[in-house]
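Each of the two complexes below includes chain A, the first together with chain B, the second together with chain C.
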Partner chain A sequence: MMADRRRINGPPGGTRPAVFASNLQSGTSATDRAQRQRQPSELRKIFLKTGLIPTASGSSYLEFEPSASLAAARANPKSLIPPSSALKLACTVHGPKPLPRSAAFSPNLVLTTHVKYAPFAARQRKGHIRDSSERDLGVHLETALRGAIIAERWPKSGLDITITILEAEDDRWWGSAPDSHDASWGMMNVLAGCITAASAAIADAHIDCLDLVAGGVAAIVSDEPSGTSTGVPKLMLDTDPAEHRSILSACVVAYMPARDEITELWLKGDSSKASLEDGDTRTGHEALIDGAVDAARGAHTVLAEAVRESLLRTVGQA
Partner chain B sequence: MATSIPPVAIPGQRLGSISTYSAGPGTHVQQSNIYASIAGPVVVDPAQPKTQTKSTLRVSRILPGTSPAAPSPASAAPTNQKPRYNTLPAVDSIVLARVTRVQKRQATVSILVVLDETSYSTTDPSKLASDNDNVASILTTAANPENHSSTDELRFQALIRKEDVRAVEKDRVVMDEMFRVGDIVRGSVLSLGDQSFYYLTTARNDLGVVMARSEAGNMMFPVSWKEMRDPVTGAGEQRKVARPY
Partner chain C sequence: MSNQRQASSASQVPHLSPAELSYLYTSLSLPKTPIRPDGRSPTQFRPLTAETNILPGTNGSARIGFADGTQAIVGVKAEVEKTILSNETLARNDGGVGGEQEGSAAVGGHGSWVQMSIEIPGFRDDDALPVFLSEMMRESLVGAVGTDETSDMTGGLKGRLVINKRWHWRLYIDVLLLSQPLAYPLPLLSLTTHLALLSTKLPKLKSQGEEDPFFDDDWAVAEYLYPRPSLSSGAKSSARSSFVRPPVTLLVISVGENIIFDPNREEIAVADAVLAISITRDSEAGNLKLLSIRTVDPPSRLTQPGVPNSENVSMLGAVAPTEDVAVLNPATGEEEVPGVWRPRRGGVKRSVIAEMVKTALKKGGVGEEVLEGLEGVEVS
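Up next, the complex of A and B:
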């Protein structure tokens, strides 16, 4: 990684108190583990509000409801470390503005997306320079939005979308030891949140788009210890990685309900082992995609309500 | 059928069928249905008897003063702040621009505001006056030399070529006698131009310099189509002046 020589960087490493193995064994047990309290198809509540940043042409703020275990841990603290984290992010849209002098002629809107974690957003401190995962999120977000924006209505202009992640999702429960099913599962929830928030900010900036595009996540998880026979992997919507023992595969979609179109699809992991209901002939990854679309439909209702609310607020003010 | 049109729309909301309405700005057509593509109040423009047979559905970018149901121009009081949302310059739109550079063959301007075509084309003089009131604050801040900062990078740049300055005696145009740096010019967009510049024309009576400062730094008033005068020193300066209303 490139060293950042222009800023005073914080100390590398964690942003939360250190966890010692001895402490972990005596102080916390498996019962302190965050547990999913929701139904498999129940989504977390979403807070979404647009137009909070007056200097931007469009903006939005999104927050996911924290896990029920977080509230329990706050009421009865056993450890300094919060058991799970919930997504919080802010999105700004600047433009349409003229392209830089060096850019070539473009008959369409040129979309640029930047996703940046705040240094304190994740358990591992992030640098000021965007790292590869942040660039990766930016590319995924751009693909998701490009299919929704009517770019030919804005010739010769550029649109900058900047997302600051204030609190990111964990990739696994903080107390778990790393295992073979580890991947950046939290990043997939972050992407879904980014898509929904960016869509609200674009609507707030009055940029023409085909539909409000919403992000949704579904995952195939196995919650039982791997030795037991009851631990059959199940499909769950809107998974919080901290609430599950191991996630086998996950899927993010960016979905436009009015047209029934998917603009972005990201699958990760092995989806072949999912146990579906009897008579369900779908393959694991079909079920996964359908689940993610269902989650996106749920997020879309919040998104549509937030956009309508901000519209009625401005109409009422004017 | 008209009762089923919602007062406000959000992107992706179905507004009506293409068989009863035609699609206007802020909407798009998908499988012979009209959908909103921006959030805003829905406006139904009645059919013109000669040219169109269907009324036009559009989603307005301009939020009305009172309620979405009554967007009548009479209710637009001068004190009313109408938020204007980023309209791009298009061919034939009227823009106000500040001169940033005058060369032998062309003048470079940066576009400050794209005037609303619907309000500009109306012949009601009181409506025009209120529109001028709305942009007055933009003009006064833009004409102030203290505000000539690097914000030009964020504005659309345009060129007025020598042959587009006026309609007559095009070959006798001397650019120094038409525009000075800092003038506010009303122009019409000729074309989207190349990668970096739009092309403007001022070759009409109502187009040209609308606000200018003299060499002494005072705001000047127009005395003819090619001269403006300083009220303090009385000195005249040459400009391509727009016809005052």
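Up next, the complex of A and C:
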């Protein structure tokens, strides 16, 4: 046995806290479930600020507005568990800097993206080593940004973009069991936030881009009203997965409004069941992409304002 | 190594000169009639050889080789595992509120029960390309949810893995690319995985209900993971389509105004946009259904630009200034000198994406052709 005798270690399999029957009655009742209070096309407020990390050449901090149910739960606490979480992330940009001597010649700027959840970011603890979903997010982010950066203006240079996610979105309401449509929906909101924040940080580092690229999410959700079992799937913008019973399909885009182009598209799930308005001849996935683009346009206004602030600060310093 | 670091979701930086890239782009972007380097039509796939059940130690396996020499082997292994019910699910058993949802984790299955690993020579297993490919293929596999309430495949693949409330199957899909990744390996790996899953068999369950699982040790009566029509009932192509099939991921590129399927290495190097589209057959309607779309970083963004004669110092005075004038490329909205390569910038228009998806999904289109071709492979 290679047991560690020097430390007192916890049990290997993990433990489960005791759950008392008296807590259950109030704890997991359906009324405590987070509900979407916004209109289907209403976005959450975004807090975006640049230049908070002085050692980096560009940085930004992004926060989504917490849902109304979280504010209600804080004002009138019934359970220790918060009903939903809101995205908080920090992005730093280092560079453009010369590539190491050992690297091969590159005629373009070499972009490296690194997305990491803080261990405490999600309800399930994340390890210190990036897992496959974090690497996947990094690749998505890189695709989104590489289309926007004018890379041939920095030959033989590298640009490192590091994102730390301090609080992630939930994949579903914490109390509900995963159903057949379950997937990592929270990751898509995280990616949209990463794109917007990284775009602000790149602008803060004064790196030439075609346009500010903003991220947006739309989803087709079926929220059955209590009683009936089948709800009508509806298109909603900027969905918080904790507020919905079942997300059928979701889409995140990185969008450049000035060119009306998408640099990154990630759509998954069954989008064919969406009920659109009468006379709307779009197919489900087209409506979903258009919805995500609308959400990205909303985020772009915040992004433009944050970049303007960043510029004013630089001008003021000079 | 540094080349691989640059190429994240795209396979490799193309080693083509700007002149070659420009030539390829021009011939591929000819309006309506693209000329591909290997003479295929825009929707034609590369010829391939396929066989299944080649690995006796697995539950299902397949090998596909393309004519250019790239080969992939996929092995599928299944393992019985105890379902860990979360606290919340347990709590519902005695709380009256969630009675309808009771134990739905055990009924609907869980996406993490399908594990996928991809091995590509020259890449570490935590490099961006293998991670991106495996996430992309796993996402569409577990995302395919059947809508037919009566069939065995209600919850798609996830639902099929449920044995009872306390036990489930865990599926390991191991993909091995045997050759160097000459082209972007996605179509090859996706087709091979599809075939391997079609040939996967699970031992027949003898225990019933909530008993601990106990299986028939006769391999001959094992059941297919994806149930197939019995031969006695006269398998017609119409009946065949009502069975759930694993998804297929197609690689689609747009060059100019043309949409091209299954690009080889040279074609993907000049693509304006690259999309991976996962499709499957809708068990109800019989037509094709979209499962996921992902953009892939086009390698054309990493290429070296060509220098027009007017800016070339060694050609100073040799050309009349009117000879190369930048014109607007309608597909990309960029100013370009004809015949001089510029790396791609920017993204893709929504109309192009819609057109790509439509071509893949339409009746009698590429998607149906691929799925029918794969069903034609003799799965013994």
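By our rule, the second predicted complex is superposed on the first by the 284 of 318 C-alpha atoms of A that agree within 3 Å, B and C clash if a C-alpha of one lies under 4 Å from a C-alpha of the other, contacts with A are read in each partner's own complex, and residues count from 1 in each chain.
Please note the rule applied: a residue touches a chain if its C-beta (ideal position, glycine included) is under 8 Å from a C-beta of that chain, and two chains touch if they have at least 3 such contacts.
Just so it is clear, the structure is predicted and the values come from calculations on it, not from any experiment.
Peer 1: Label the relationship between chain B and chain C on chain A in the superposed model as either fit or clash.
Peer 2: Fit - chain B and chain C, as placed by superposing on chain A, sit side by side.
Peer 1: Quick check for you: in the superposed arrangement, does A:R308 touch first (chain B), second (chain C), both or neither?
Peer 2: first
Peer 1: Would you check which partner chain A:E142 touches, where first means chain B only, second means chain C only, and both and neither mean what they say?
Peer 2: In the superposition, A:E142 touches chain C alone.
Peer 1: Which partner does A:P82 contact after superposing on A: first (chain B), second (chain C), both, neither?
Peer 2: Neither: A:P82 stays clear of chain B and chain C.
Peer 1: Between the centres of chain B and chain C, viewed from chain A's Cα centre, what angle do you get? Round it to the nearest 10 degrees, please.
Peer 2: Computed from the C-alpha centres, it is 100 degrees.
Peer 1: Of the partners chain B and chain C, which touch A:L210 in the superposed model: first, second, both, neither?
Peer 2: So A:L210 meets both chain B and chain C here.
Peer 1: Considering only the touch criterion stated at the top, classify A:A103 as touching first (chain B), second (chain C), both, or neither.
Peer 2: After superposition on chain A, A:A103 lies in contact with both partners, chain B and chain C.
Peer 1: Could you say whether A:I150 touches chain B, chain C, both of them, or neither, answering first, second, both or neither?
Peer 2: A:I150: touches chain B and chain C.
Peer 1: Who wins on chain A residues touched, chain B or chain C?
Peer 2: C
Peer 1: With the two structures laid over each other on chain A, which partner does A:W174 touch: chain B (first), chain C (second), both, or neither?
Peer 2: second
Peer 1: Quick one: classify A:R259 as touching chain B (first), chain C (second), both or neither.
Peer 2: A:R259: touches chain B and chain C.
Peer 1: Rounded to the nearest angstrom, what is the minimum C-alpha distance from chain B to chain C in the superposition?
Peer 2: Between chain B and chain C, the shortest C-alpha distance works out to 6 Å.
Peer 1: Residues of chain A that sit at the chain B interface in one complex and at the chain C interface in the other, please.
Peer 2: Shared contact residues on chain A (touching chain B in one complex, chain C in the other): 99, 103-104, 106, 150, 210, 256, 259.
Peer 1: In the complex formed with chain C, which residues of chain A make contact?
Peer 2: Listed in rising order, the residues of chain A that touch chain C are 16-17, 19, 21, 24-25, 27-30, 99, 102-104, 106-108, 110, 112, 130, 132-133, 135-136, 138-140, 142-143, 146-148, 150-152, 174-184, 210, 229, 254-256, 259-272, 285-286, 289-290, 293.
Peer 1: Where on chain B does chain A make contact in their complex?
Peer 2: 8, 10-14, 26, 28, 30, 35, 37-41, 61, 63-65, 67-68, 80-83, 85-86, 88, 153-157, 192, 194-196
Peer 1: Under the touch definition given earlier, write down the residues of chain A that touch chain B in their complex.
Peer 2: Where chain A meets chain B, its residues are 57, 95-99, 101, 103-106, 150, 154-157, 203-212, 256-259, 304, 307-308, 310-312, 314-315, 318.
Peer 1: Would you mind writing out the residues of chain C in touch with chain A in their complex?
Peer 2: These residues of chain C touch chain A: 2-3, 5-6, 8-9, 86-92, 94-95, 97-98, 100-101, 103-105, 108-111, 126, 128, 131-132, 134-135, 139-140, 142-143, 145, 154-156, 158-159, 275, 282, 289-297, 301-305, 333, 343, 345-350, 353-354, 357.
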